[in-house]
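Letters A, B, C and D mark the chains as written, and numbering starts fresh at 1 in each.
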Amino acid sequence: MATKENSVAYPTVIQVDPFLTDDPQGLHNRWHPDIPAIATVKPGQVFKVECVDWTGAQIGNNDNSDDIKNVDLTKVHNLSGPVAVEGAEPGDCLVVDILDVTPFEKMPWGYTGIFELENGGGLFAREFNSRACKAIWDLQGVYASSRHIPGVRFAGVSHPGLIGTAPSADLLATWNKREGELIAAHANAVPPVAFPPEPRGAYVGQDLPEHVRAKIAQEGARTIPGREHGGNCDIKNLSKGSRCYFPVFIPGANLSVGDLHFSQGDMSFCGAIEMAGIITFKTSIIKGGVEKFALKQPIFLPSPVDPMYSAKLVFEGISVDYHGDGKQYNMDASVAYKQAALNAIAYLMKAYLLLSAAPIESHVGAIVDSPNACVTLALPLGIFEHDILPKPEGLEKKDFGQCAIRSDGVV
Amino acid sequence: MATKENSVAYPTVIQVDPFLTDDPQGLHNRWHPDIPAIATVKPGQVFKVECVDWTGAQIGNNDNSDDIKNVDLTKVHNLSGPVAVEGAEPGDCLVVDILDVTPFEKMPWGYTGIFELENGGGLFAREFNSRACKAIWDLQGVYASSRHIPGVRFAGVSHPGLIGTAPSADLLATWNKREGELIAAHANAVPPVAFPPEPRGAYVGQDLPEHVRAKIAQEGARTIPGREHGGNCDIKNLSKGSRCYFPVFIPGANLSVGDLHFSQGDMSFCGAIEMAGIITFKTSIIKGGVEKFALKQPIFLPSPVDPMYSAKLVFEGISVDYHGDGKQYNMDASVAYKQAALNAIAYLMKAYLLLSAAPIESHVGAIVDSPNACVTLALPLGIFEHDILPKPEGLEKKDFGQCAIRSDGVV
Amino acid sequence: MATKENSVAYPTVIQVDPFLTDDPQGLHNRWHPDIPAIATVKPGQVFKVECVDWTGAQIGNNDNSDDIKNVDLTKVHNLSGPVAVEGAEPGDCLVVDILDVTPFEKMPWGYTGIFELENGGGLFAREFNSRACKAIWDLQGVYASSRHIPGVRFAGVSHPGLIGTAPSADLLATWNKREGELIAAHANAVPPVAFPPEPRGAYVGQDLPEHVRAKIAQEGARTIPGREHGGNCDIKNLSKGSRCYFPVFIPGANLSVGDLHFSQGDMSFCGAIEMAGIITFKTSIIKGGVEKFALKQPIFLPSPVDPMYSAKLVFEGISVDYHGDGKQYNMDASVAYKQAALNAIAYLMKAYLLLSAAPIESHVGAIVDSPNACVTLALPLGIFEHDILPKPEGLEKKDFGQCAIRSDGVV
Amino acid sequence: MATKENSVAYPTVIQVDPFLTDDPQGLHNRWHPDIPAIATVKPGQVFKVECVDWTGAQIGNNDNSDDIKNVDLTKVHNLSGPVAVEGAEPGDCLVVDILDVTPFEKMPWGYTGIFELENGGGLFAREFNSRACKAIWDLQGVYASSRHIPGVRFAGVSHPGLIGTAPSADLLATWNKREGELIAAHANAVPPVAFPPEPRGAYVGQDLPEHVRAKIAQEGARTIPGREHGGNCDIKNLSKGSRCYFPVFIPGANLSVGDLHFSQGDMSFCGAIEMAGIITFKTSIIKGGVEKFALKQPIFLPSPVDPMYSAKLVFEGISVDYHGDGKQYNMDASVAYKQAALNAIAYLMKAYLLLSAAPIESHVGAIVDSPNACVTLALPLGIFEHDILPKPEGLEKKDFGQCAIRSDGVV
């Protein structure tokens, strides 16, 4: 007979409140080797980690975007962890199975935000002189749909936007040095080219000696970019069902995770569907894996459960700013990527928010045919309720919704 | 009864000799509005176009790479065309169905080449101080395999590497201006950042008044980069079965095509499986399509017959040159793309040639998390005859072959 | 800000205890139009329904199969419902989105059982003189793995094995008549060819007048076969993310659901991975849909999130019992289907339990080439940890585990 | 340089005329061990075999179906071969790579036929009192489209409908015995349940001693059904790119092939897109493979280049003849398969011919839930030019064309 006794739930090793009360335990928002593990697991054990959304509940399920406009970015990203894995040593490869990623049952929604040019920015912040706006998505089982973006429904490829092992002191020093040099070289850029350690807003939800806390705040790497340990890579295919191989830099590996996404495309220029939620893990260790696999960065096996939208409409972009001043760039894939996105946005007559959330794919076609890098962006047809293919009669102007806007009415 | 009379083959509107004899008709190697159409088709008509390989038969099926080393690049790319489509006018959208792409029955092989740093280069020409080498592929039905790269077999995604409509005089002038400025800004770069019009080697396989020929040679845009009309985009998904939508710039549209590939990945840093062959087309016209679809560049619907290798091993790269001097770049997707490729090359212990030919995928993960762009490269597991997954015992050192090399023994 | 107030969970309209205590509310185990709706929902509303496993907790997470041997099949299937949909009328089409199907967090396991020839049977009950055995599966996020079947792990295609609308009195009468005639024609078959209404074990978890309860018990159709309303179709592709179109036979449609499967293949000759769990629905109504769509049975759109295991090894079977007495059957797809399964079982050296649970596919190749129907069975290679392809050295004899067995040791 | 000398075409070991003149060499139309090999190949060698269409050019590219009505079926199927493989011995496994399958360039069309009840029949011959009709398909690269079935275009999954090794004398005797018994048991069935050896029409396109020819004609098994050696299995996934493992029954294996299909679905109740064409093979041998792999019938690995139409509309059928007299059958998958097909035909308002040719899938859902077997039929949405999903306004009545019909006007 099925009984409570023979039915044991997997343990949740870090519990958080997605509505975030004072001094939450188990969270931190900087990368530093001295942040102690808040939980320890054995290889082979299945365990769950709860995560707040990346902003720490700053964004609400409503139709006003002032929360986006005023978001406090010194506090991001809220990461759950670190979780130590018994037996992991520097030089090992930590195998991490991402078994599941789900929203909280009590919080079945997420959001996509576009940030103000002066506070958060984003890939097109300058082009569009970005003003805060957001779309709220209802997470209904495998699907997301939004009252702010009607006519669209798609299956999520849920994944952690941010996951990584803790850096060693040496690796941290390397990061701070190279990023510091970049910042120095672009002193007054808006938005900034990178973010140095910032004691303001630094947080570790554990009891710590004051000098340790101060050291972490002083030196801890910001969580914004992805780096050699993983970090904020925003890779949509690092989704539930995938197996990841992380380099280990300190004893225990100290895995941290956060910034869960219900869905995201390759074109994450401003977001994803951000959510709070629960991630389920299982780990194992390959001794000496860093050398065995020439592991400069994580590698991974995508999940077999990627949603399948086989029919796609594909846009191209080259490294010429033909949506801007027509300037010719030299094999610059980032420029080509922007043009491909702008082509799609023009085609769909302003689907900026949609492209941030939908499972679109962006491929690097070629970075060899000087001087034009070529990047493509593929829009799955199956996520639209209407037919978006080219037709002699042209495209019908569709209302992809009015996103939630700022209370001062600025758009 | 089935009879010859009720069984009519599709017409071949351009015939070429893949072993290229003197003064071949129907080829040209510059983009210029004044190159007359060599054939005219009606919308709806199925027709075939034969193509020599991009170099014009300069490369042989043998085990010596001197032909690669000494390749004459002023002559490339050999394009078949132009083919005019009745009724196409500037501002229209030319719909092109790529119905089939096959090698010649009498020439069932192709090649992947790595070019000398000083003659052709390639994405990693500098990193590896590239010396000429090549791999010959046997094209066996849907599959390619190579005596130079044992242990690998994969299904081709055959496509034209180079396809485009003719530019108008205005568009050509824009190209020459913007690329000229780039060249001027990087005067002595090796390899060059771009290629200005070059009368030497310019070719049009038609009878032409001398002043027209001279004008084309003087002004004609080189075929190396992709541009607004398509061109050398090297997009693997523009494969047989796909439907493409090209902007039309001159009456008749004047479609040209060449540089057929039996297979190529997103990571085409140096090649593809190059081949001569036959491409089958059908066209139609959407009047005024450029404006209707905001068509700054071609868009396309990928084919439903893409080979399916669902299991993949994925490598990441960020915009830090950690395979080189460790320099931090600012959101540079091209740097990230290189790192991802170098990670895969290190993992496979030198699979440089393989990555140029195999159907790998490269996605732009994110260009938003300053300062690190993140690019992934996915290696399909199904193309290998052995298991390449990470294992505790590490990877077996596999011999991916000895490519064909220069006669002076330099590697 | 994210708050509890702006974060509302979807309502659970039927709650059950998967460990099943006395007189559970919201369950029933017969099909009858007079079973009143226990809950009512509006079109467009997202709601959840909890389900016990099909046997009603008779099977335990342990290594002994006496529970399978002695299972009381008069009580099956335990269905949750009926749920009425406001506005649905006979002749309408009820559109049901299966948004999610998950196990209970407190019960993260399922089982595959093989039943005794005399109590439950199964496709090969006679061939193998079936003795009770079972495998327990740990449900770890998207994956299932089993201590009883080592070397295998696969992603589930979770779905309800049994879902349907309530029959009208007329339809119920048709069922009872035609099945009664079949039973009469095969009076002493073991296992029986069909199951007539059976008052013993009949159950409706609601307060009902005694004569209504008696009528339901007396006339109610057993839940074993699929019929025109859906029912026990065991279609693996009716999975989370799919959209189903049911004919409506009585006002409110009265949808019931149960027999949740974590995974199942086309070859469900004895099971699936059975589980208790929670299903999330959304409904809408198409007026007059039965006539509009010639709806003799449900039709459905499969989910885009089907796990993708593209590489497969395929077995054939024809309608000749070459695993038995060699008898030639006339275009009998059921015989062909058995032979294909027996070929796979022989190839894998006894993977009977595995084939009941794994996401294999069985296609009808042809039922036209007299006298042999041809059926194929495709085994996804990606679910195995080792290589099962044909090789010159033959297949290694793998231990696919010792399933849980009867306490008297009979195998 | 590329030269004719270093570019060698693969040899065509059997050449035929698709317009079939008198006494064609290299064809035969019965299975018999005494038919000598007409060509011999070495393991590892790539070679081509030309095939006439299955009827031997009896059907023409025109709009009249008398050729279907009067087709001489004693002459079918026209098979090319046998081809012996050096070193193959009884008990071995012959590995056959189907590298390519293409139509003749001079004959770029195929046909789908529905046969007269009295001459050929088909799955629904009786239900629909079948009268001869046909659709002609233009084969345009990867696609097929038909002037007789407008609004539909799909990519072919080209494959041999009929491929097999030669039977041994023992195996042949087994076939003749068991099929003879079936015929005896259904003496006057229309269409017949099976076809005994038939000297009339028997053909071997080789010089043979008369007594050998007579023996083959007298004993040779008809080619209609699939059997243990492969044969007429009509499996759409045995397509170009697949690898097949055949049991070997006589020295040399003696592989024969024919009945090429440009496309076919699982629901091949009457056809496929039949064509003449060229098939490219490569073979190898696994010694003793029959025992190693428990090889009662061929097994195979499907091609990675299956066209991908992920969105599908699925119909169900159970083993109740609800389209006929409502009779309840006992777990009969063939009945369920018919109902699923009839549901689809009713939904599409008569798409009988289309279903014979399109790449639909038919899965066996379950043959366990007595008394109803459940079979599904999945229609890929991507093959239609219009939207066929259920909608509140119902389906628009589409004209799927008028197939070619008999000259006497009978439909």
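One rule holds in what follows: a residue touches a chain if its C-beta (ideal position, glycine included) is under 8 Å from a C-beta of that chain, and two chains touch if they have at least 3 such contacts.
Molecules present, by chain and UniProt name: A, B, C, D = Formamidase.
Just so we're clear, the structure is a prediction, and the values are computed from it rather than from any experiment.
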item: Chain of greatest Cα-centre distance to chain C (Formamidase); value: B
item: Which of B-C and C-D has more C-beta pairs touching across its chains; value: C-D
item: Geometric centre distance via CA averages, chain C (Formamidase)-chain A (Formamidase), whole Å; value: 38
item: Between chain B (Formamidase) and chain C (Formamidase), centroid-to-centroid distance (C-alpha), Å; value: 50
item: Rounded Å distance between chain C (Formamidase) and chain D (Formamidase), as computed from the means of their C-alpha atoms; value: 33
item: Touching two or more other chains - residues of chain B (Formamidase); value: 304, 308-311, 382
item: Residue ranges of chain B (Formamidase) touching chain A (Formamidase) (in the complex, touch as defined); value: 93, 95, 122-123, 174, 178-179, 181-182, 186, 191-195, 224-228, 232-237, 245, 266-270, 286-289, 292-294, 296-302, 304, 310-318, 320, 322-323, 326-334, 337-339, 342-343, 346-347, 361-376, 378, 389-392, 394-395
item: Chain D (Formamidase) - residues contacting chain B (Formamidase), complex; value: 1-4, 6-10, 18-20, 46, 53, 57-62, 67, 97-100, 104-109, 138, 140-143, 154-155, 240-241, 276, 280, 282, 303-309, 382
item: For the chain C (Formamidase) and chain B (Formamidase) complex, residues of the former touching the latter; value: 308-311, 382, 387
